[in-house]
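In the two complexes that follow, chain A is the common piece, with chain B as its partner first and chain C second.
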Partner chain A sequence: MSKSDWNSPEAVRRLAKRHAAEKRFKFIGLAAIVLSLGFLALLLVIMLKNGLGGLDWDFLSGSDSTDASTAGVWGAAKGSLLTMLVTLLLSFPMGVLAAIYLEEFAPKKKWIEWVEVSINNLAAVPSIIFGLLGLAVFINTFQMPRSSPLVGGLTLALMTMPVIVISGRNAIKAVPPSIREAAYGIGASKVQTTFHHVLPLALPGILTGTIIGMARALGETAPLLMIGMRAFVVTPPDSLTAPSSVLPMQIFLWSDEIDKAFVQNTSAAIIVLLVFLLAMNGIAIYLRNKFEVRW
Partner chain B sequence: MILTGVLLAVFGLGLVGWFAARGRARLLYKGRGSMHSMPGYHGWHLALWIVVPALVAWLVWQAVMPGLVEGTVFASPAAQGLPTDPFQLGAIVAEAHTIAADPSAVAFNPEAQRLVEPFRQAQVKFGLMGAVIVLIVAFAGGAFGFTRIRPDFRARTYVERLVLGVLLAASLLAILTTFGIVASLVFEAGMFFKDVSPIAFLTGTHWSPASTMGDNIDNNFGAVPLFWGTIYIGAIIAMIVAIPLGLMSAIYLTQYATRDVRKWVKPMLEILAGIPTVVYGYFAALTVAPFIRDFAASIGMVNPSTESALAAGLVMGVMIIPFVSSMADDALAAVPRAMSDGSLALGATRSETIKKVLLPAALPGIVAGVMLAISRAIGETMIVVMAAGAAANLSANPFASMTTVTYQIVQMLTGDQEFNSPKTLSAFALGLVLFIVTLILNIVALRVVKRFREAYE
Partner chain C sequence: MTEANITSAKIAARNVDVFYGQKKAINDVSIDIDNGIVTAFIGPSGCGKSTFLRTLNRMNDTIAGARVDGQILLDGEDIYAPSMDSVALRARVGMVFQKPNPFPKSIYENIAYGPRIHGLASAKSDMDRIVENALTKAGLWEEVKDRLNDAGTALSGGQQQRLCIARAIAVSPEVILMDEPCSALDPIATARIEELIDELKESFAIVIVTHSMQQAARVSQRTAFFHLGSMVEYGETDQIFTNPRETRTKDYITGRYG
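Entry: the complex of A and B
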C-alpha cells in the first residue's frame, strides 16, 4: 500500500468514521455507568427525602404500633440482633471448620466432590427455598416456636454457611505452602500446623467473608416471611423463642399499610437498615485493606 | 433447672480435668523425648473424656425425662379421675407443666392445679436423679482418662482424631442441608401431587387456588401463567435492563477507565448489589410503579394497573447490574492479553478490538454469567411481592399485572390456612420447580465457567 492511499479522501473519511465509532462506544460505556449509579443516587435521595424527617429518638427506641406517629424500630432491630446472633454463632464456626476440612484435610474422593458441588449450589439457591426448608423442617417437623429469632437464625445460618465456607476456602488457599512446610519442618503435626499457623493467617479473609455473609442475612426478608416472622411486636422480644420481627420485615409490613403516614416510617426504617449494612460493609473493606497480606 | 446447672458443672469439671491432667503430665516430663505428647494434649484428652460422655448422658436423660415425669404423675393419687379423652388430658398436662415451671401462672382447669404439686415433685426427683447419673458418667470418664496419662500415651493422636471428626461433621452439614431441602420439597410436593396431577400442574393455564372445592381441582392449579410471569419479569425484562448496562459498565471499567476511576466506581456499583431486596421492592412500589402507570395512561392505555410487570422487572434488572458486571469483568479478564494486543497492533481501534476480539473470546464466560443472573432473578421474591401483583395473567403486555412463582409461594404460605390443604402444599410444588430450574442453571453455568477458564490457561 503506498503512502498516498492514507491521504486519499476516502481513507480519511473511513478513519474519521472509525474514530467516531470509537468515541460513541466509549460514551455508551460511560452512560451505562452513569445510569446505574444515577439509579442508586435516585433511590438514596428518595429514601432520605421521605425518611429523614421521621428519624428521632422516639422512632429509634420505640416498637411497632398501629399509629404511625408512635411506631418505632427498636423492637424490630432487637429481633434482628437476636436473629443475627443465632446465625453468627452457628454459621461462623461451622463454616470455618468445613472450610478447613475441605481445604486442608479432605481426601480427593468422589464424595468430597459432592460436598463441594452442594456448597457451591447452596450459595446460589434462591433464599425463599431456605424459607421453605425452615418451615418444613424446623417448624413442622421439630415443632420449634413460629416467628422466633431461634428459627429465623437457624434458617439464615443454613443460608450464610456456604458463603462463609467459600470465602474461608479462598482465604486458606491464599496462605502459601511455605508456611505449612516450615511448620512441618520443625515437627508440627498437620492439625497443629493448621490451627496454629494457617488459620490465624487466613482469619482476616475469613472475617471479611463472614461480615459480607452476615450483611446479606441481615437484609434478607423472603425466608423469614416463610417461617412467619411477621409478628406485630409492641414490646421488644426478650428471648430467642419469643415472637419477633426483624428490620427488613418491619419495612415490608409498614410498606403494606394504607395510612400515608407510614411512608415516612418505612423510609426512615430503610435508612436505619442501610446505615447498618453500610457500616458492616465498611468494616469488611477496612479489615481487608488493613490485614490482607499479599504473599 | 437442675439439669442446666449440671451442664455447667460438667464443663467446670472438664476445665479442672484439663489443668489436673496437664499438671500430672508435666510431672512425668523427664527431658526431651521422654513423652509422646505435650502436656497440653494430655489436658485436652482428659477434658474430652469428662465432657463428651457426660454430654451424651445428659442428652439421653433430657430425652427420657419427660416420659418418666409424666408416668409418675399419672401414678400419683392426684391423677385419679382425670378425663380419659387424650385431647383433654393433653391440654391439662400441658397446663400443669406450664404452672410447675412458672408459679405466677394461673390455672385454667382445676384438675391442672391438682397436678401441679406432683408434677413439681416428680421433676425435682428425676432432675436430681439425672444430675447424679450425669456426674457419675463424668467422673467415670475422667477416672478412665486419668489412668491413661503415661509418658508413652499418644494423647495428641486421639485428640487430633476427634478434631478431624468434628471438621468432617461440619463439612457434611452442607450435604445435609441440600438433602434437607430436596427431601422436604419432594415430600410436601408429593402430598400435593396426590391431589393434583403433575401434568395438570405443569401444563394448565388457569391458576386460582382460592377456589379449590369440588372435583375439578386439577383445573385450578395450572401453573403456566406463573412460569410465564417469572420468565417474563426475571429473564426478559430484567435482562433487557441488566445485560446492556452491566456489560457496558464492565467494558468501560476494564478497558477505558483509569485506575482511580475504577477504584472508586467499582465499590459504588457493588453497593447496588448490597441493598436489601425489600428496599428495592419498596422503591419499585413507591416510585417506579406509579411512574409507569402514568406513562401507560399517557400512551393511551385504559385503566393501567399500579402493579405492572415492567416496574418489577426494571427494578430487578437494576439489582442484577452489578452481578452481570462482575461476571463480565471476570470473563474479560480471563481473555489473554496477547489477543487484544495483537488486534491493537494490527491497527484496530479499541472498540473494534472489544467487539471483534474480546467479546467473542469472552462470550462463554459472559453467557454463563447471564445464566447465573437469570437464576438469581427468577428466585427473587421481595421485589415481585411488592410490585408485581397477584393476578395470574398470561399476557405479553409489560404494563399488565403479572404474578410469579415466588410471589405465589409467599401468598400460599402467609396467612392462616391449615397446613395440609392443597393450597398451601402447592407452594412446595412451586418451590420444587424453582429449585430444579435454578439448580440446572447454576450447574450448567458453573461448568461453562470452568471449561472457559481452562481453555485459556
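Entry: the complex of A and C
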C-alpha cells in the first residue's frame, strides 16, 4: 500500500466515519450524565424551595408532633444515628472477618462454595424480607423491644453485612500475591501476613464498601416498617431499646399526612437526610485517600 | 536413621517428588547443597527448577493442592516433619523473588519488620543496628542512609531488589533462596546483584535459580541442570559448562534447546 492511499476518497470516507462515531459516542455519554444529574438537580431545587423555609433550630432540635409547626426532625435523626451505630458495630467486624476468612483462610471445599453463593444471594434479597426476618427472630423469638434502634440496627446489619463481605473480598483479592510471598518469605505466619500486610492494603476498598452499605442502610425504610419503627414517637430515644423512628421513616410518615403544612416538613427532612448521606460519602472519600498506599 | 541423615550438607534432598494436584512437577530429585558456596539451578522454562527451589523453604505450602514426597533435610533435620514449623523454617531459609517486592512501607520498616516479628531486637538502638547492618551487607546503605523513612517502593528496580535481599538478611537466615532475582533488572543492576551474591556466599548458603546460563557460570560454584521435572546433572559449575557428562546438559548449554 503506497502512502497516497490515505488520501484516496475511500480512505477519507473511512476516516470520517471513525471520527463521526467518536463524536457520536461523546455526545451520547455526555447526554447520559446530563440527564441523570439533571434529575438530581431538579430534586434538590424542589426540596430546597419547599423545605429551606422550615429548616430552623426548632425543626432540627424538635421531635415528631401532630402539629406541623412544632414537629421536628431530631427524634428521627437520633434514632437513625443510634440505629446506624448498632449496624456499623455489628456488620463491619463481622463482614471484614468473614471476607478475610473466605479470601485467605477458607479451604477450597464444596461447602465454602455454598457459603460464597449464599452471601452473594443475601446481598440481593429484597430488604422487606430482612424486615420479616428481624420481626420473627429478634422481636418474636428473642423478645427484644419493638420499634427500637437495637432491633432496627440488627436487622439492617444483616442487610449490610453481605455488601461489606463482597466489597471486602474484592479489596483483599486486589492485594498483589507478591506482598504475601514477601511476608511468608521472611517467616511471617499467615495471621501476621494477613493483618500486617494484606488488610492495611485492602482497607481503603473495605471502607468504601462499608460506607456504601451504610449509606444504603441509612436510607432504608421497608425492613423497619416490619419491626414497628413507624410508630408516632414524640421524644427522642434515650437508649438503644427506647421506641424510635428514623429519618426516611419520618419522611414517609409526614408525606402521608393530610395537613398541607407537613409538605414543608417533609422537604426539610429530606434535606437533612441528604446532608447525612453527603457527609457519609465525604467521609468515605477522605478515608480512602488517607489510607491509600501509593506504589 | 537412614544414610541420608549422615551428611555434612547444609541442605540434603532425598528422592523428592512434588505434585500439583495430579500433575507431577518434580521427579525423584536428590541433591546436597553446601555452605559457603553458590548453587545455581538452570534449565528451560517449566523444567521445575523454581518449583524445587520453593520446596526448600516450604513456600509451596501456600499453594492449594501442592504435595511433597521424599525428604529434605536442613542440618540433618527433616523440614517436612510434623515437628518442623514452616514459619520458623522460613526465618532460617530466606527467599528473594523474581520481581522485587518490597512492602509499601518505609525503607527502614521493610528491614525492621522481620526482626520485629521474630523478636530479634529489644531496643530501638538494636533495631537501628540490624537495619544498618543488613543494608550495608546488601550494598544499599550508602545510597539510602539519609532517607530511611522514604517508601521502599520509590527506589529503582535494582535498589528495590537489594532492599529485598537486605530484608532477607535482616532475620539472619542460614540459607538464602533466590528465584531469578535479576530477571526484572537492567544489566548494570544485575551486575551489582551478582557482586553482592558473591560477597554474601561467605555468610550464607545461597541457591539461585536463573534463566541465564552466563549468570550461572559467573556467580555459582555448583550447578544443577533440570529438565522436565528431573535433575539431569549436578556438579562443579566449571565441569557442567566445559565438560558436561549428559547429552541433554550439553545440548542445553550449547543452545540446542531452551
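Criterion: the second predicted complex is superposed on the first by the 247 of 295 C-alpha atoms of A that agree within 3 Å, B and C clash if a C-alpha of one lies under 4 Å from a C-alpha of the other, contacts with A are read in each partner's own complex, and residues count from 1 in each chain.
Following the convention adopted for this analysis, contacts are C-beta pairs under 8 Å (C-beta built on N, C-alpha and C of every residue); 3 or more make two chains touch, one makes a residue touch a chain.
Computed from a predicted model, the values in this text were never measured in an experiment.
J.: For A:N289, decide between first (touching chain B), second (touching chain C), both and neither.
T.: So A:N289 meets neither chain B nor chain C here.
J.: For A:I179 in the superposed arrangement: first (chain B), second (chain C), both or neither?
T.: The answer is second: A:I179 touches chain C but not chain B.
J.: Report the partner of chain A that touches more of its residues: chain B or chain C.
T.: Counting residues of chain A touched by each partner, the higher count goes to B.
J.: With both complexes superposed on chain A, which partner does A:S189 reach: first (chain B), second (chain C), both or neither?
T.: Both partners, chain B and chain C.
J.: Looking at the overlay, what does A:L201 touch: chain B (first), chain C (second), both, or neither?
T.: second
J.: For A:G219, is the partner it touches chain B (first), chain C (second), both, or none of the two (neither)?
T.: First partner only, chain B.
J.: Taking the superposition as given, does A:A98 touch the first partner, chain B, the second, chain C, both, or neither?
T.: A:A98 sits against chain B, while chain C stays out of touch.
J.: Pick one for A:S8: touches chain B only (first), chain C only (second), both, or neither.
T.: neither
J.: On chain A, what residues does chain B touch that chain C touches as well?
T.: Residues 189, which sit in both footprints.
J.: State the interface residues of chain A toward chain B in the complex, per the touch definition above.
T.: Checking each residue of chain A against chain B gives 18-19, 21-22, 24-26, 28-33, 35-37, 39-40, 42-43, 46-47, 50, 93-95, 97-98, 100-102, 105-106, 114-115, 117-122, 124-130, 132-133, 135-137, 140, 158, 161-162, 165, 189-191, 215-216, 218-222, 225-226, 228, 230, 248-249, 251-252, 255, 263, 266-267, 270, 273-274, 277-278, 281, 285.
J.: Once bound in the complex, which stretches of chain A touch chain C?
T.: That would be residues 107-108, 176, 178-189, 192, 196-197, 201, 293-295 of chain A.
J.: Which bits of chain B are touching chain A when the two form their complex?
T.: Touch residues, chain B against chain A: 156, 160, 163-164, 166-168, 170-175, 177-178, 180-181, 184-185, 187-188, 244-249, 251-253, 255-256, 265, 267-269, 271-272, 274-283, 285-287, 318, 321-322, 349-352, 354-355, 372, 375-376, 378-382, 385-386, 406, 409-410, 413-414, 419, 427-428, 431, 434-435, 438-439, 442-443, 446.
J.: Can you check the complex and tell me which residues of chain C touch chain A?
T.: Per the stated touch rule, the residues are 57, 59, 62, 64, 87-92, 94-97, 99, 101-104, 113-114, 117-118, 151, 153, 164, 167-168, 170-171.
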